Every structure is written in C-alpha cells, then in structure tokens.
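Each chain gets a letter, A, B, C and D, in the order it is written, and its residues are counted from 1.
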Amino acid sequence: MNAKKLMVSVIGGHKCDEEATKLAEEVGRIIAEVGAVLLTGGLGGIMEAASRGAKEADGLVVGILPGEDKNEANEFVDIVIPTGMGYSRNTLVAGSADVVVALPGEYGTLSEIAFALNAKKRVYSLGSWDIPGVKKLKAAKELVEALSKYIREREGEAC
Amino acid sequence: MNAKKLMVSVIGGHKCDEEATKLAEEVGRIIAEVGAVLLTGGLGGIMEAASRGAKEADGLVVGILPGEDKNEANEFVDIVIPTGMGYSRNTLVAGSADVVVALPGEYGTLSEIAFALNAKKRVYSLGSWDIPGVKKLKAAKELVEALSKYIREREGEAC
Amino acid sequence: MNAKKLMVSVIGGHKCDEEATKLAEEVGRIIAEVGAVLLTGGLGGIMEAASRGAKEADGLVVGILPGEDKNEANEFVDIVIPTGMGYSRNTLVAGSADVVVALPGEYGTLSEIAFALNAKKRVYSLGSWDIPGVKKLKAAKELVEALSKYIREREGEAC
Amino acid sequence: MNAKKLMVSVIGGHKCDEEATKLAEEVGRIIAEVGAVLLTGGLGGIMEAASRGAKEADGLVVGILPGEDKNEANEFVDIVIPTGMGYSRNTLVAGSADVVVALPGEYGTLSEIAFALNAKKRVYSLGSWDIPGVKKLKAAKELVEALSKYIREREGEAC
C-alpha cells in the first residue's frame, strides 16, 4: 500500500488584484483536476482563491497557518494545520510540496521560493519572482501538461 | 462553506507490544468511522498501527514527520508533512488536533500531552501518562461515544 | 580554541509567588557564579527572577521568546532570540541547555521537562513536576555542587 | 536596566573562496568592534570566518544550528543554540538580528534575506543576492559607519 498523495503548493500574496485572483483559482482547479492535493498557507488572497478553485473541482485542500487558531483558515481548507510558528511556517508550505507554483507575492513568497529551491523542489512561476532555477510559465494551462508529466515520471519511478 | 474537518491526533511510542498495536488499530478505525481525520507523527509503532486502522475504515490520514524525507512516512499516510523540525514537530501533532488520544509512550508522548493540555485541547488516555487534566478511558470503544459527543457539541456551536 | 559556554536553562511558570521568586533568583545567581550562561524563555515570573539573579552575579543571560518582538523580553536578558514560534520555542529552551533546572510551573514547564528528558539532558527539579528521570533537589544550594561536578566531568571529557 | 545587546547576523554560503573568507572575517571583526553581538548559523564557510573575525576582536558570537548536536558548531561560537529544526532555523538567524549583513551565498542565504526583509530588518549586501530593499555596500569598511549610525539612532530612540 502507498496512500501518499501528490501535493502541490500554491504560494503568493495575501492581497491580490482581480487578475491574480482569477489566475489562482484556475491554478487551484488544475491541481485538483490532475488529482493532486492543494497546499497553501491557509489565509486570504492568492491562498484563498486557489483553495476556492480546488474545491470547485472537488479537490482536497491543506492549509498550514502561521497562527494557532484554526478559525483563521479560509473556508475552503479541509485540513487545517495551525502551527503558531509565524513566518517560520513558510518552510513547511514549501517543504511539504512535491511541486511549488509561485504566483505574484512579496518577500514571504520569495522566502518560500528560496526554501523550495534549496530543498531541490520543482518551482513554477506565473508572474512571480524571477530567481535562477524557477521555471517560468506563460499561462496557467501550461501547468496541466507540466503536472501530468511530473505525475507520470513519479509513477515511473515507483514501478 | 466550511470545509474544515475534525482532526484527532493519536500519540504514542515508536515501539509497541501486540496489545498496544491492537489498541492503536482500533482507535484509528474508530476515528475514521466517526468521520474524523487521523493525525499522527507519521512514523512506526503506535502511529503506524492507528493509521492502518483508519485506512481499513476508509479514513483520511495526515502524518507530520520529524524529518525532511516523505519516504519516512508509514505506508498508510495520505497527506505527508515532512517538517525537518525534529522533535519540535510534536507541537504541531498536538496543536493541529481538535482532540488528542494518548496511548502508551515515553517522553515524546509526554511532551505532546503537555503541549495539548497547555493549548486547552481535550486529551483522552488509554494507558498513557497519568497527568492531571487528562481524561482516562478504560477501553477504546468509550471513544466512540466521547468523539460523537464532541462532534455534536461542535455542530451545536456552529449553528 | 573552543569558545562554547556551558548553558543552564531555568524553566518555570509565568506567575510565581514570593517564595518561588526568591528561589529562582538564587538559582540564577548560582548559575552565573559557577560560570555558566543562563537560558530562559525570556518573559516574566520565574524567567525574570532567575535572570535578575544571574545579572546580580554578572552573568550572561539568553532569552528565547515565543513572540517576534524583542521588547517582550524582561530587562535582564542580554541576548534576545525572538522566535515567533509560540510554544514551539519551548523545545529550544530545553534543547539548547546542557543542564535544565525546573522550578514550579504548569503544562508549559512540563513540556520542557519532557523535551529535555527525551533529549537525554540532565534535569534537576526544585519543587516542579515529579516525572521519572528528573533528579529532585531539596534546596537551591545543592545546585552549586551538582553544577560544579557537571563542569568537572565535562572538562575531564575534553582532556 | 536594559541588558539587551545589539545583534548583527552575518549570512552566506557554507563554502566560500579566499576572497569571501577574508571579507567575512573583516565583517565579523567590525561587528565586534562596534560593540554588537555576532549571530550566524553556526557552521562553516562564511559563518566560521565571520566568527573567527569577531573573536579576534574579543566579540561575543551566537550560533543557531540546524541540527541537534552542539558539536556541529564551529570553534568560535560562544552561545550555541542547536535547534534540530533544519533549514527552518534560517528564520531565527534572520529574525533575531537587528541588522543583517549578507555575503555571497545560495538559496539558503536568499531565504534569510527574504525573511529579514519580510520582518522589516535592515539588510546590507556585500556581493550577495540583488533583491529590492537590500542596501548594497562596496566594501566591508562601509559597515563601520552604517552600524555606528544605526547604534546612534537606536540610542536616540531609547532616550
């Protein structure tokens, strides 16, 4: 038996404009549709929009909160992990993912990208920080093929 | 919408005898049957036995690992959170639960009980450390009523 | 060269009566007098009293705070480590010590004792939780000999 | 009374060439000479060179280790904090500093810069990552004036 599910983190700012919100929803939906679990920091902005998208596609959503109160999670989170660790929880959002998708965000998002690259995770960017090692995508739909390919490779390894 | 699922942690030793193993499996099964998510430290012993029990009842299992490698998780964990935080991850296993069930264990288990009580969580013991504030149970089946009652109270609050 | 200093943690409650305050001050003073660095959780109560005692004897005091704001530290802390990690910082207070001295306290103190024992640290108790593995002392002055002996053993190892 | 000492973190790679080593030593020496405590991640490379420099100027050195074993610290660390938290300890190295000095390094260094900027710390760079918000210096000796000015401002605030 191997119950382990593929986990994809979506990282990005607490505040986001309409365009980034739509993008995050689409990314969340794609993650659910390829059968992966969505992981975010559990709060508002990009995190909430991606979670809404994943729930629309009947996905499972994990939120790793900075605070200690589960009620701080947005309403689309199934599994709430309230760490009480403040920004140190960013290392868990990056470290628990198999793949990270970075959307526009500020220094918190940059710290997650850096942690993910440091841990040799695959990081895709949709309009986020331009750091060597990050794979830039032009549109959310490119993620469908990228994630599907990742899943096939992973299943190949398991054989 | 409120996607948030009830989470019950099972804590206990890495090593356990046959009796404790059976107990842990039964506890894991009960947690899944009442509709809660099982949360453990993700490794062997009590953690693995409870996870096996939960999967037998089609439950969802979250494992919060001390190390950075997802492959350290036992095979029954669906959602693996590899923290790389060592024993500090015990605070997450205790803090993310709505209810904690303590089985026999050593100092690591004691630290989780202490954290859970400190965070004002409900802690049930089945043969674990005898600390003031912990509710002692005589048999796993008493958990069925205890958890069901907790769920009813929680739903009452939500109305 | 080996600059590494002996570190002794004093753990205990945020609130404490006059007797416990005097005891904590005496313990802090002893730790400074034997030449060790005092380590605490950096806040009030037992932590502040021990720090005051250490500074009276010209000791060095490290405080590992739960919050992110250095100003939360009591005025006797030289080296402030603001973790922003909440109660998870307890694992650092216990884990960074060579020796732990437990004074009266509640579940937070119990969690630190459990972590210290789990990490195979020497733990002395002066009226704190009675857990197997903890060495009970009757008076603070017994610490003078206990710590001096520990230091001699440690220097012996280094030769 | 206010025992709190100014703390300056030096961050940078585990491996470093001769030029970066000399630079790190000079930075460590300057930090000690202006009367601040040096804080690093406690290991080799830039961290060790800066610590050596600080000890040459009779400074105090704090090392916040990723592992649980105090013996992993380089020989110039006075106060060893073995976190057992892996790369999550980077948030403590950045968050405990009043000022951060970034030298050449890889993704771990980038994560520390991001955390420091996120926490609104002043970050100086000597040949490190070029991120908006970081103040670039051309030579280590510019730090003397920068840190002295910071200390005067801070003392002004305290009056």
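Just so it is clear, a residue touches a chain if its C-beta (ideal position, glycine included) is under 8 Å from a C-beta of that chain, and two chains touch if they have at least 3 such contacts.
Worth saying up front: this structure is predicted, and the values here are computed from it rather than measured.
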Fewest touching-chain hops separating subunit A from subunit C: 1
Between the pairs B-D and A-B, the one where more C-beta pairs touch: A-B
Label of the chain whose CA centroid is most distant from the centroid of subunit B: D
Whole-Å gap between the CA centroids of subunit B and subunit C: 31
Computed distance of Cα centres, subunit D from subunit B, in Å: 40
Chain centre separation (subunit A, subunit B; CA means) in Å: 26
Multi-chain contact residues (two or more partners), subunit C: 68, 83-84, 86-88, 91-92, 95, 119
Parts of subunit D lying in touch with subunit C, wherever the complex brings them together: 1-5, 7, 37, 55, 60-62, 64, 68, 70, 73, 75-84, 91-92, 95-96, 98, 119
Complex interface listing, subunit C residues touching subunit A: 68, 83-88
Residue ranges of subunit D in contact with subunit A within the complex: 86-88, 90-92, 95, 106-108, 110-111, 114-115, 117-119, 131, 133
